[in-house]
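Structure first, commentary second.
Residue numbering begins at 1 within each chain, and the chains themselves are lettered A, B, C, D, E and F in the order written.
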Amino acid sequence: MKRILVINPITEDAFNAMTEEYLENFISDEIELEVISIDRGPSSIETFYDESLALPEVLKRVRENKDKFDAIVINCFADPAVHAAREISDIPVVGPAEASMLLALTLGRKFGVISTFRNSGPWIELQVNELGIEDRLAEAAGIEIPVLELGKDLDKTAQHLIEAAQKIIEEKGAEVIVLGCTGMARTAEIIRKKLNIPVVEPLAAAFKMAELLIDLNLVHSKNGLYMKPDTGKINQ
Amino acid sequence: MKRILVINPITEDAFNAMTEEYLENFISDEIELEVISIDRGPSSIETFYDESLALPEVLKRVRENKDKFDAIVINCFADPAVHAAREISDIPVVGPAEASMLLALTLGRKFGVISTFRNSGPWIELQVNELGIEDRLAEAAGIEIPVLELGKDLDKTAQHLIEAAQKIIEEKGAEVIVLGCTGMARTAEIIRKKLNIPVVEPLAAAFKMAELLIDLNLVHSKNGLYMKPDTGKINQ
Amino acid sequence: MKRILVINPITEDAFNAMTEEYLENFISDEIELEVISIDRGPSSIETFYDESLALPEVLKRVRENKDKFDAIVINCFADPAVHAAREISDIPVVGPAEASMLLALTLGRKFGVISTFRNSGPWIELQVNELGIEDRLAEAAGIEIPVLELGKDLDKTAQHLIEAAQKIIEEKGAEVIVLGCTGMARTAEIIRKKLNIPVVEPLAAAFKMAELLIDLNLVHSKNGLYMKPDTGKINQ
Amino acid sequence: MKRILVINPITEDAFNAMTEEYLENFISDEIELEVISIDRGPSSIETFYDESLALPEVLKRVRENKDKFDAIVINCFADPAVHAAREISDIPVVGPAEASMLLALTLGRKFGVISTFRNSGPWIELQVNELGIEDRLAEAAGIEIPVLELGKDLDKTAQHLIEAAQKIIEEKGAEVIVLGCTGMARTAEIIRKKLNIPVVEPLAAAFKMAELLIDLNLVHSKNGLYMKPDTGKINQ
Amino acid sequence: MKRILVINPITEDAFNAMTEEYLENFISDEIELEVISIDRGPSSIETFYDESLALPEVLKRVRENKDKFDAIVINCFADPAVHAAREISDIPVVGPAEASMLLALTLGRKFGVISTFRNSGPWIELQVNELGIEDRLAEAAGIEIPVLELGKDLDKTAQHLIEAAQKIIEEKGAEVIVLGCTGMARTAEIIRKKLNIPVVEPLAAAFKMAELLIDLNLVHSKNGLYMKPDTGKINQ
Amino acid sequence: MKRILVINPITEDAFNAMTEEYLENFISDEIELEVISIDRGPSSIETFYDESLALPEVLKRVRENKDKFDAIVINCFADPAVHAAREISDIPVVGPAEASMLLALTLGRKFGVISTFRNSGPWIELQVNELGIEDRLAEAAGIEIPVLELGKDLDKTAQHLIEAAQKIIEEKGAEVIVLGCTGMARTAEIIRKKLNIPVVEPLAAAFKMAELLIDLNLVHSKNGLYMKPDTGKINQ
């Protein structure tokens, strides 16, 4: 039995059960799942500021759990603390943005990303540039709904996402749509029924990518970008 | 139970059992595997010419089997017929080059690819440009051993691969190594023991990627690059 | 006297005379032209599937003729079998997409390509990425007319092409238009009269490029991407 | 009189006086300078982990001071918290990596960066990709001296930096050298005397860039990548 | 006291006083400014032809003055003679296009440029490609007002610029606007009041960048792109 | 009969006869050739400064001759005045750098350029970036022989070029070599005999490209980068 930890990098532990329930749809028999959140920090991540305040707490969770699990998923499209978590652990650490956008590359020529606020467009472009896959992005755009309101009316949220996706499909030639926020997971099915192209939901993508890395026995390289930190020099 | 078909795009059916045996190491309980080869064409693929002559036969195998399987893997790093096979089927079709290089992107900043002949360097670069991930490639290089001799002396082959990999790691900063030929699968473990960085073996990568796409219910988009062909206009 | 062979990679030999007649407009006194087609395969190339099935037959034609000609042009914008044909011959092999898009680069800053179906847009983008000239492409788009109907009503076809070109000129800043299918050759003059920018017709471009390479005594490099194949390992 | 705050994102306040003394060499009469450090976090930043733990403390300093200053410089080549600090303030926030690499672009065609550990090479490449200036980077490399030992023997440190720079100049064609750690500031003069090409020291570059932005009355855009955060949703 | 020379690369010396007056708004106490124009050549630069005819005269001014000043700004967005002037002088030579677009990179993710005629769009794109910052450009566009008429009705000119900027902001996601002609300097304030994003005026940007380079004691590298010419081989 | 003018953008008219003689090797029966030089300016072009001083004189030659010829070639790898000459004429104007590097793209995956001084390396890279073909360049390098000495000892010059080319072929994977100075034309045959890869000589390439553009009736677009200048505003 292999164990995957999902860290919700927010203080709202109400989402933990929902996350678990959603991932049960994709889980293999050989995998055990645990979902936890953080004690202090933002209740949702919508800005670099929110993300920054979540990092030390996410890393605390990683330190506490890295020896008890076979892989970790950090459940937010900003991929918060993913680089740092890889430095301090010897198991795969997966971020939903990276995992879902890499999957999108195999599903069609151009992918679009639909996210929450206007700032998420350029932010996702920045992630895309970091990944070095800018030639494949059709467009990243926001629908102007805050993360914490995405779930209030799933049909309305889905409707907004569908309209934004259709615009990118028709005007920019997107062949694949990536949902740009893991808080949109429960709308994925509604959206898929309306759009006749692949829709990549990033939380499920990250979770299965974690499983794949475990199965292939692959862990992030420590011979370049990631270096084991000297934890002795941290002053609390 | 889900079924994955692996097509060896060569006329040497001696490899089928070997392929099956190797993949047994990675297979889930929920997956059934079948490996087949082609009747006419090259005994190995080392040039565009070899690849071209394999295509119609690979596509014949795809046509014959696409309704009996849940995903298809075409077992050659040239990803032969992958685009065309996606056009004529409604299930995921996975190529080892695409799958393994996308995985490499998550495992470190720069990846290197080690393949067979000198021409494979620029060829893989061409594949990398097609994927749009050229910023992440450290180097692609050949070891000047023909595909069909890779397996004759596994230790010697592994030794050559290790030396070529070390050169790319030291001189070009590769943090991850991708084996650039699926005929190198059985050397992967030997190589991993010597290099302390991730080594992605493309056949296993493609096989697990096929499984992942099945699990996520994702199929290649037909709304752009891939269009259902009018098979009526083919004259045999 | 120098001899150029044009291979129509389709089974419709009705086009051979038309191809010859069109190229007579551009031919020098020092060049002799022959146009042939293939026996088996697609009647037109509109998908990767069509292209794949044409390849062995095109290569058969190349094998039969490579020692009797000074250059070969493969008459389809997919540039089918061009890489493989270069491997097995010692004369220039020219593809219309490559030739016409390289010419477009010298005629203005941004070029647009107008082709047949919707899938040709991303397909041409893929070719552009392979060529590494993506910074210069304004847009590639389709007009939704099948190849074999392009010639049925030349004025109507030209009208569709003009409208699609004007859209790319006005909205995407194209300064040069490349026709994205060699089946559009006879519409080129009609289009040129309406658009006041250069229109590159790819068959003529490829034909003259073949002549230029002959005159400069330049043949494709065999010291990298192209390697002479071991034809002994092909099983018929 | 204009006021610039320099935040040392480390817990070693011993560096504050040194920073101030160094910047006195570049300060205009019209500028007042203050240098502060943070209370908790790393004593130096060499990994993503170190950086992550510094962020909330740096942002606390920004919150406390943003209304008392005309610009803020965050004194570390990782540009820690720069994006987030821009979101919560209405004054320019400058990072040394961004400022120095942009300056390098005007001083020659290719620039090289010399930094501390091996991991800084790919990390700086990541920053370069984020900035979108990868065509201009000759190479980023480390000298394997920890940040906190850079100042122990300035001549020895300078000697290592000179050798690493010369290698990049000769082998990779760098025309400009950027020091890849603000802890190298005091070696800059020694290095400049040995290399006959421009050497950009990032702390001074960032400080003068802050002054320039104040003088031109330019502040970072809030109409895209940076959005004012809802600070109410942070749970302490 | 440091001295900066501004060369107006046009024959209209009426602009010299205006240039001086405008720059007084940004000048430090420690800087002395002189503005001169050229004797022969174009009265404004709107084409490569205009620019070409200005070059020898600009370089004559550089030769005459390079030993009397600490930096030179060439006051035109085409950055005419900037490369050549750097070759023959030992002081910083700054071009407004380069300076303003580099500044734009730090102020937001994507910048737009608004310039005079339609041809300035692709021309600025060419400059952007030369700088290697094409990933950051939202769009460059012209407003179809000749340079010499920009100042006739400042409010009308500003109104055209504002409309063009708003289009790029809304449709292309520009977060920063760069004015693409130094003849637009006096409209900058009017435009800033209407757009709530940073507007970079290139003459002021270049002037302050010259000052910054003087303060940091940085001069363009002579170890690569720029080589001291052998002036003996010029025949007058 | 079609007429092509070659302008040697230097004051040494001794080269005119040599240029003519060399091009006779490639000329068709249908083409008439004339070679002229300029009255004032540099005796060779090795820096931006040299180039700048040649421009007005080259453009004078273009103005005098554009109505008497069917195409113009400007015989220098810096492609001096090519953009401006296209603006003022209605016939093709061809530059050797652009023509030869575009041809190189069809002959192999990666091309290398060998030129005169060290500064020509980054300069050619700048041209490559302008063309947008940087993914295809293996390396551009200089051999440290001044233009005017290239012809003094052809065998010695060829020997230097061969050594530089071999280094780029072996170490950087160049499959095609472009000579980076039209003054190297007479060494091309010697070099070709030693290297078993295509060697593109840029003067012949530009000359034949001019012929090809005449034959295809293609002229540079005036609907974007190039705008007809208002010659009335030039003050002599």
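We adopt the following convention: a residue touches a chain if its C-beta (ideal position, glycine included) is under 8 Å from a C-beta of that chain, and two chains touch if they have at least 3 such contacts.
Because the structure is predicted, anything quoted here is derived from the model rather than measured.
The minimum number of touch steps linking subunit B to subunit E comes to 2.
Shared contacts of subunit D and subunit F, meaning chains that touch the two of them, come down to B, E.
With centres computed as the average of Cα coordinates, no chain lies farther from subunit C than D. Put simply, the C-alpha centre of subunit A and that of subunit B have 27 angstrom between them. One inter-chain figure worth recording: subunit A and subunit E are separated by 43 Å, centre to centre, where each centre is the mean of the chain's CA atoms. Separating the CA-averaged centres of subunit A and subunit F is a span of 52 Å.
Shown for subunit E are the residues in touch with two or more other chains, namely 108-110, 121-122, 126, 129, 132, 134-135, 173, 175, 224-226. Taken as a graph of touching chains, this assembly fits none of the simple shapes: it is neither a line, a ring, a star nor a complete graph.
Under the contact rule defined at the top, the touching pairs of chains are A-B, A-C, A-D, A-E, B-C, B-D, B-F, C-E, C-F, D-E, D-F, E-F. Those residues of subunit A whose C-beta lies close enough to touch subunit C in the complex are 108-110, 135, 173, 175.
Partner subunit F is touched in their complex by these residues of subunit E: 11, 40-44, 46-53, 55-56, 59, 81, 83-84, 87-88, 117-119, 121-123, 126, 129-130, 132, 148, 224-231, 233-236. On subunit A, the positions that touch subunit E within their shared complex are 121-122, 125-126, 129, 134. Contact residues on subunit E toward subunit D in their complex (touch as defined above): 26, 28-30, 94, 98-99, 102-103, 105-110, 131-136, 169, 173-176, 196-198, 200, 204-205, 208-209, 211-213, 215-216, 218-226.
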